[in-house]
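Labels run A, B, C and D following the written order; every chain starts at residue 1.
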Amino acid sequence: MKDYILKRVVILLLPLMQVFGLYVIFHGHLSPGGGFAGGMIVGLGLVCYAAVYGMEKGTDKVPDRAATLIESFGTLWYGAVGLVGVFKGTLFLSNKATGVPMGQPAALLSGGWILVITLGVGIKVASTIVTLFYALTEEEES
Amino acid sequence: MVKRVLYALVVILLCYIGLVTVAEFPPYGEEGNPVHNYVSERYIGEAVEDTGVINMVTAIVLDYRAYDTLIETTVLFTATIAVLITLKTGKKNGKEEEVS
Amino acid sequence: MIQENLPVLLVVTLLFTAYLLPIFTKRRPRIIELLVVTVECLILGGTLYLAGLIARQGRAPIIYPAGGWPAPWGIELSVGSLSILFLLMIAGVGLPVAIFATDGITWQLRSRQRVAWFFTLYLLLAAALAGLAVTNDLFNVYVFVEVATISCCALVAAKDDPLAIKAAFRYLLLATVGSGFIFAGIGLIYLVTGNLDMTFAFTELSQRAYTYPHVVRLAISFFVIGFGTKAALFPLHLWLPDAHSAALTPASAILSGLAVKGYIIALAKILYIIVGPALLQALSIDRILLLMGMVAIVAGSLLALAQDELKRRLAYSTVAQVGYIFLGLGLMNTTGLAGALFYAASHAIIKACLFLAAGAIISRTGKERVSQMAGVGREMPITMGIFTICSFALMGLPLLSGFIGKWNLLRGSIQAGSFLASLVIILGSLLCAGYLLPVIRTAYFVPAGTTTTKETSFLQISSMLILTVFVIVLGIAPGPLWNLAWQAARDLLGG
Amino acid sequence: MKVSLLSRLLANYPYVAAFILFAIGIYGVIASSNLLRKLLGISIMESAIFLMFIASGNITGRGVPIVDAAKESVGYVNPLPQALILTGIVVGVSTTAFALALLVKLHKYYGTLDARIIYDKREADKH
């Protein structure tokens, strides 16, 4: 795509989209949103970039293989947090019982493992969107 | 044409069954409904105490029912792998990847 | 530490390995195959340990609150006899099929990364079925059913040819409509009970069922339609023959053997634990299940008779055998239900083995049709021998595992006073002989010019032999598994 | 009897809408011959179920389920259905993504998305 306006708009909007996505991920426990919505916003920002600037530049920024690896990593992260409970002698996916600092309600750092899990889910969803986009476009082009 | 009428009849029958059932549903938006019982009371009343977050939906999704969310993430993971195995067949440009 | 978390660790081990596999896409497939086989062995060991644990504590189910939140608030896993039976099926069939798949799958899938993805989906399917076996939460059932559905369809689509993609899409379409019905059913149950935990939902529902009779009826019919679509109950079986015959051999074995059973077990849990036997009889759901089962047996067998392609014939045979299990669910007595559960387990083993043997025959000799099978008995003596034993077991000959299930279904139907059902069970067995004996007859007794031995590889034969040994051992000494099925049936019927 | 049935239906209008949407979705799946439209029918069906679930959690006049000292007197709606639907939406997205991938592949092999053309020519592609 060779549209000048589109390219300028995307390059201006991209940082805002990423920051907003991260904001939604990190405020999932305080306001509507969370890992899925925030990860979707981050991922769609990257998809926007790849769609406007072409697949080569897109895969330069986020390589195909990296997206797949991050995806495995995100789900593993979630599961690993669950296993903390098992190793601490409580149950799988326990939160408060594992003795993690819970923080002050309504503060940014609160909720124990919830914030950690949200981060993992956010990363995973973002890479999922990117992977799906790459897979579907590559097929279209070949 | 006959087929279309048949399909429409099926759908109308489904609608009819649905409406008869809806008439029997607990009234919409009232406090005394069976849905608003001890389960939701605990979520509303003690989520902050139990999980330390003020968003009750997040408290349920990532703490009370975190196991469900792990599986939900797995659904997304499964879908990605499914898309990859369907689309990336390794036959690109007529060349086949070396195996074993 | 491991012991008290074992119920959830069985599922999580499978899931974790599945997450890890895509990382190895650039490595040799051997690593992946080794990992998969090891994990399946671990699951088998864990299940056996869990079975011992339950037997020691007087067969009371182990309750495990995931996340530490007790039942109505959190998700509760419950491992009883039914779960153990189904977990044993998953491990016992999953391991040999995985061993079979290690041989030749690389060649069929053409690239390393696709092998990794194939085994990822394989493990995800196993994990989803294990999750269905241990869960005691309605919404959890839905999420696991979705994992199972998507991985099943992807396993069909993994064989990249037009027929398989077409079959996979039809499968996905119908299965997703089925999930929609299941989800709506869960919504209706939640609407009138306010609970998602099965035990609590049962308590609430037994008080409220007569205030909301239509809602309960609609919910049950949604569940039967939804799970019926996924389990290929007769009029809803349209996707099965295409999907199961078009898939790769290990995939069709696992789909026909295990996946279909997983949905039936989930339906049995929902019907018997949430609705309860008394309410089922009051709403005459049992009669409907019985009737649908009988129709499925007759129609599936007749359709199987008409097929010439070997894999399609076996696929239609699955439709008929699913009918037996539904018939058992509708009998409402312990003998019949235990017979159905035992039959589900033995059919899983037999059908997986039949599909593996058929796949081996097709890939070695290229003979896809029953009418072309002449000479296969001499070309592949061991594989054809295994196929013959399993065919006899499926017909229900004594001393083989299929007999125990069918015999008790027959006893159960006589106990229930439904002589039509007894008649249909016997008729089904005869029809089964009608569509499987010609295969054996053509393979052994129809003369075919000069033949050379084309026997399949050692790994494939040994995996099929493991399954055949299961079939024979279960036929001669059904004791432990039968006790498990009996106990599961008693738990479900609440006696 | 008739009047009370109608008034109950009117009181339960979100559920009525949900069931009508569900029926429309089913019609889309069974009646349209384009595979993409069948997929859209499934999406409509799923949305209908989401609507039914969400409606069941509502209590008229209460606020969103986020603890807020200013709204403490009003009370909160039931958060459980909302949490379940969050899961349900992601599941729906996954299924749709996979189905779209299969559609791309089908279009590559058959050159069309018309179910009648793809499914009726059974024997033609069995080479």
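Quick note on the criterion: a contact is a pair of C-beta atoms (placed from the backbone, for glycine too) under 8 Å apart; a residue touches a chain by one contact, two chains touch by 3 or more.
Given the structure is predicted, the values throughout are model-derived calculations rather than measurements.
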{"item": "Pair sharing more residue contacts (C-beta pairs) when A-C is set against C-D", "value": "C-D"}
{"item": "Cα-centroid distance, subunit A relative to subunit C, in whole angstrom", "value": "36"}
{"item": "Where subunit C and subunit D are represented by their mean Cα positions, the distance between them in whole Å", "value": "28"}
{"item": "Geometric centre distance via CA averages, subunit B-subunit A, whole Å", "value": "20"}
{"item": "Between subunit A and subunit D, centroid-to-centroid distance (C-alpha), Å", "value": "25"}
{"item": "For subunit D, residues that touch 2 or more chains besides their own", "value": "22, 26, 56, 66-67, 80-81, 86-87, 90-91, 94-95, 97-98, 101-102, 104-105"}
{"item": "Sites on subunit B at which at least two other chains make contact", "value": "18, 21, 25, 33, 35-36, 39-40, 43, 48, 54-55, 57, 59, 61, 63, 65-70, 72, 74-80, 82-84, 86-88"}
{"item": "Multi-partner residues of subunit C (each touching 2 or more other chains)", "value": "8, 15, 19, 22, 66-67, 139, 143, 146, 150, 153-154, 157, 160, 165, 168, 190-191"}
{"item": "Chain-level touch network, classified as line, ring, star, complete or other", "value": "complete"}
{"item": "Residues of subunit B that touch subunit A when the two form their complex", "value": "48, 50-55, 57-59, 61-63, 66-67, 69-70, 73-74, 76-77, 79-80, 83-84, 87-88, 92-93"}
{"item": "For the subunit D and subunit A complex, residues of the former touching the latter", "value": "64, 66-67, 86, 90, 97, 100-101, 104-105, 108"}
{"item": "In the complex, subunit A residues that touch subunit B", "value": "28-32, 34, 68, 71-72, 74-75, 78-79, 82, 92-93, 95-96, 102-103, 105-106, 110-114, 117-118, 121, 124-125, 128, 131-132, 135-136, 138-139, 142"}
{"item": "Complex contacts: residues of subunit C adjacent to subunit B", "value": "8, 15, 18-19, 22, 28-29, 66-67, 69, 72-75, 106-107, 110-115, 117-118, 120-121, 124, 127, 131, 137, 139-140, 143-144, 146-147, 150-151, 153-154, 157-158, 160, 165, 168, 188, 190-195, 204, 208, 212-215, 218"}
{"item": "Subunit B to subunit C touching residues, read off their complex", "value": "17-18, 20-21, 24-26, 33-40, 42-43, 63-68, 70-72, 74-75, 77-79, 81-82, 84-86, 88-91, 96-97, 99-100"}
